[in-house]
């Protein structure tokens, strides 16, 4: 789960990593007040989970209360790559001398954490990796060893930092690693790590991504994210044990298993349709889950047809059938439902569903073709 | 033959008194798997489906000579259960548990490797060598004893593939679900290496999905294999930056896409089916050609 | 380095391990005052580094101020297996229901720490190991894993503790492990761990042995031990880079290297003599060290002859010779000195020593025989 | 042949700009050892006795292809130096440093073993294969190229033994000082195993001392060896409970005595000399008998 810059910076502060003075604002008025508290220029930064905010116009300088208000008003409500800006971070501007990149990330292939650094900061690291790979240093951290000075040294040397800046940067890197471990992060990133003209080392930006699986022991971070998460249908679904991701198509999918869900979407596309969502109702489906899944589809105005694809194993097809019967009897489902049930208790399931208006298909391909056909009409 | 498990495999179920542990212990036993013990701290001396329950792994292994453990312990306690299994002397650990934090997995992975213990998962359905042994949660009846090794990152999608294979009369030597997490104990290459060596296995079906680069790495290995491999990759329509159910099924930036994986496989000479059903068709063709040639 | 019981218990308290109320006393008067602060009986325990204090008469019960003073007076100054009692610990007596043994120790052969427990507490664990090995449980702790519940469970089960005592004991064991790690201990031991009649779990005794090599990062513990250590010639020698252990014989040894020092002692014994000490002057010997070594020998009234055995390698024989010349010229050495120098610069060394009253020998055996012969006269 | 080091060994000296590191780098170089680099953080780019100095091990190994490291770093920084060496790709690490805390050594030992890296020490003089390479602090001139493997827990005592051997015309294949600490990387058994396999080695001298049970374990192994082994054990007069110079040389309770070790060796058919000189005599006898038989 991603944290906003202002949230990540609040954690940085707690761990002693210097960040610019600043506060988050939900309104232009509040942004102006915060700006008024600083002398000199302020930076107003859109708080949305997209890369390249600056280029997209989500980061602006302003001076004085009036200009800050005007600028904040322009950014708030802005659409950045499909996301609406609801919050801005207002920070005292800093005098940048040099910019670096540092992060701790997970290397899936190596099964290790990695300290990534670059002397080219303030720009997209994937771009840097393509254009100036020699500027990037990677130190892999064996899980049985933890961070050592020799992991950090190559960066300090390449950056050519002076003695005091070296000590400050080392402290920041060690604390960043501590955050990485203690918050169960998949990624903690400072880009850019700034050396100011008065030789201070400051985290000018902050990015954090926390392992979903660790949320049970990251209650403080979860509390930070809760309000925003609870507005998202993906998160609501997760709370009920379902995995849901909204897409742009019109064929709603209800499937058991993540791989089968993806494959179902793929086949819809293969036969000329567009999936409206990814939806995995999980292993042990009870009728309530099936009903909730149907409600999710109904809340998406684009959906024109539903495709049930259930491979019974641990999930019993008759359980799913009962959920389906209860859903269509209680909810007024406004679109046709194509059903494919195979495996454990599929005969019983078909018995239960007999007489309903559901459209049965024997195979995934058959079901996908039927659903695509129904939408095309 | 088969890989990793067979008639001689002796299994301990960790978390046998929990709902899932108990249910699947029974199912495995019914299939003929030698489930010799269960472990739940504090429940030592009890019985579950006539299987003796012990307080700890060391004790259970000592009493039964088990060589394999399957873990159904909730994520909060799962890491400790794995460490306990690791120190008990078993050679194979199957972690069914979903939801283990990645930072825990880094340490677990390093620990088990340092002791040369093979593990499968986490967040996996386990494995089955049809007609011999099942150490997992898949329903047994869709399987048919035969010569195709199946290795997959997902559960029900594999059932779909196997179901179609069995309907077409194509049996399986061993089916392994390696799990959908970013860090797993047994990779595609690990499974392929074992299948390549197994005399009973004549071909392999590899079912991949978006996220990571395990399929790309596997493609390089397949190019060196003697046995034919066919594949299916799920997630061609998955959007970037979203976890598709599995913690590991995510396109990060431009890496981990289905296109890249299919391209890598095609480059290695591997035919990739467009649908799960397609796997059975490709296999039928390969096996006919193989028999003819 | 061993800690006294009262010192170990002060650490236990800091880590939340319950110990009986009590205080250390250097005089019988102070012991009486402490005893007066408690209702009921007190235990007065000699604070010396020997096993089996109880059997040897170093641990006694007393009731009331007068009896406590009398008892403390009897114990203070007592000779326990060659050591004089200088301190006593005065503790409120506890009502013992059951006694167990727990410790964390280093297993040299396995290269692991081990949690050792026994349901037979309050007696010598080596005796228990011989007579009732089945009562002892050992759980080895992989350095990459740390202490887990499954290491502790076998003890809790064998001890048959009730639920609350189980939780208390688990907490104590976890804290004991924390002490083991954080104080760089070779051994932390509670024998007995007591369940009182009112179901409390208490560390009735406490033993700790800290790794000498870790003293540089165990400053708090070093501060505890400093006063006592500084009285010991062994410790004074160590501060100067020498390894010294006093023995009961009369042939003083000065050798470079620990193995060679032991071998020199062994050969003295082999030829009928008795070594007065172990003394390793280390690798890079400067003249000051040699002089100090000679002073150490002179401070031992038993020494009748000195045996120098130097194998030059990194240690240059001429350096040792210069030290020796300066020692015999500045100190009035009251006993003959047998010298054996071999290896790097031994020719130069002999040149330097020519004309002195030193007795030269070519071999270890020759030197040992000569020294033994000189004492026998 | 010889064991562990020979003419092809390429050595990095960690802590080369320190007093001891610099001195011994020079001595090793003079002996003919291929000292290809030194490492001292912050001193990269300098030279020490014409040996290039690097800031880090990874860099030094990459630049020189070194396969061995010898560590002269003070105890406070030694653990990190070992970890850095371990991750740099060298296959052999010699830890000369004395005074590493045991808790650090537990982790270091486990780490190096998990990566299959051989290490010797800590608190050891290193090793020498006479006429080929010296990676240690022993004075070279007492050695003679030959067929006896020497393994020992102590420094100068070994020089005494080797000096007497050389005087008697008995040369050495390799002499290893395994170190006097309670936890060491290479045990007597490890060294004996290597000597048993080495075609150039015809007999072995094992020099033990009080503390631990390494000699007793070795005795069991020697009983299975084809090559003759002779021994000397120091510390017959050592009192219990006192550390005799070496951190590992301590009799704890009744375990670790010289008597027990000598008894175990005698039981395994090993002759134990009464004096260090005695080793040369025993060897002379063995080698004559061996040549005759």
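Just so it is clear, A, B, C and D label the chains in written order, and each chain counts residues from 1 on its own.
Basically, contacts are C-beta pairs under 8 Å (C-beta built on N, C-alpha and C of every residue); 3 or more make two chains touch, one makes a residue touch a chain.
Just so you know, these numbers come straight off a predicted model, no measurement behind them.
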Chain separated most widely from chain D, comparing mean CA positions: A
Interface with more contacting C-beta pairs, comparing A-B to A-D: A-B
Whole-Å gap between the CA centroids of chain A and chain B: 28
Distance between chain centroids, defined by C-alpha means - chain B, chain D (Å): 46
Chain A and chain D, separation of their C-alpha mean positions in angstrom: 55
Inter-centroid spacing, chain C versus chain A (mean Cα positions, whole Å): 59
Touching two or more other chains - residue numbers and ranges from chain B: 107, 110-111, 114
Residues of chain C whose C-beta touches two or more other chains: 142, 144
Residues on chain C engaged by chain B in the complex (per definition of touch): 140, 142, 144-145, 148-150, 153-154, 157
Residues of chain D touching chain C in the complex: 75-76, 99-103, 106-107, 109-110, 114, 137-139, 142, 152-160, 163, 180, 182-183, 207, 209-210, 212-214, 217, 232, 234-239, 242-249, 253-254, 258, 274-277
Residue numbers on chain D that touch chain A, as the complex places them: 41, 44, 55-59, 80, 83-84, 87, 107, 110-111, 114
Chain A to chain B touching residues, read off their complex: 106, 108-109, 111-113, 126, 142-144, 181, 184, 186, 211-214, 216-217, 243, 245, 247, 255-263, 265-270, 275, 278, 280, 283, 311-315, 342-344, 363-365
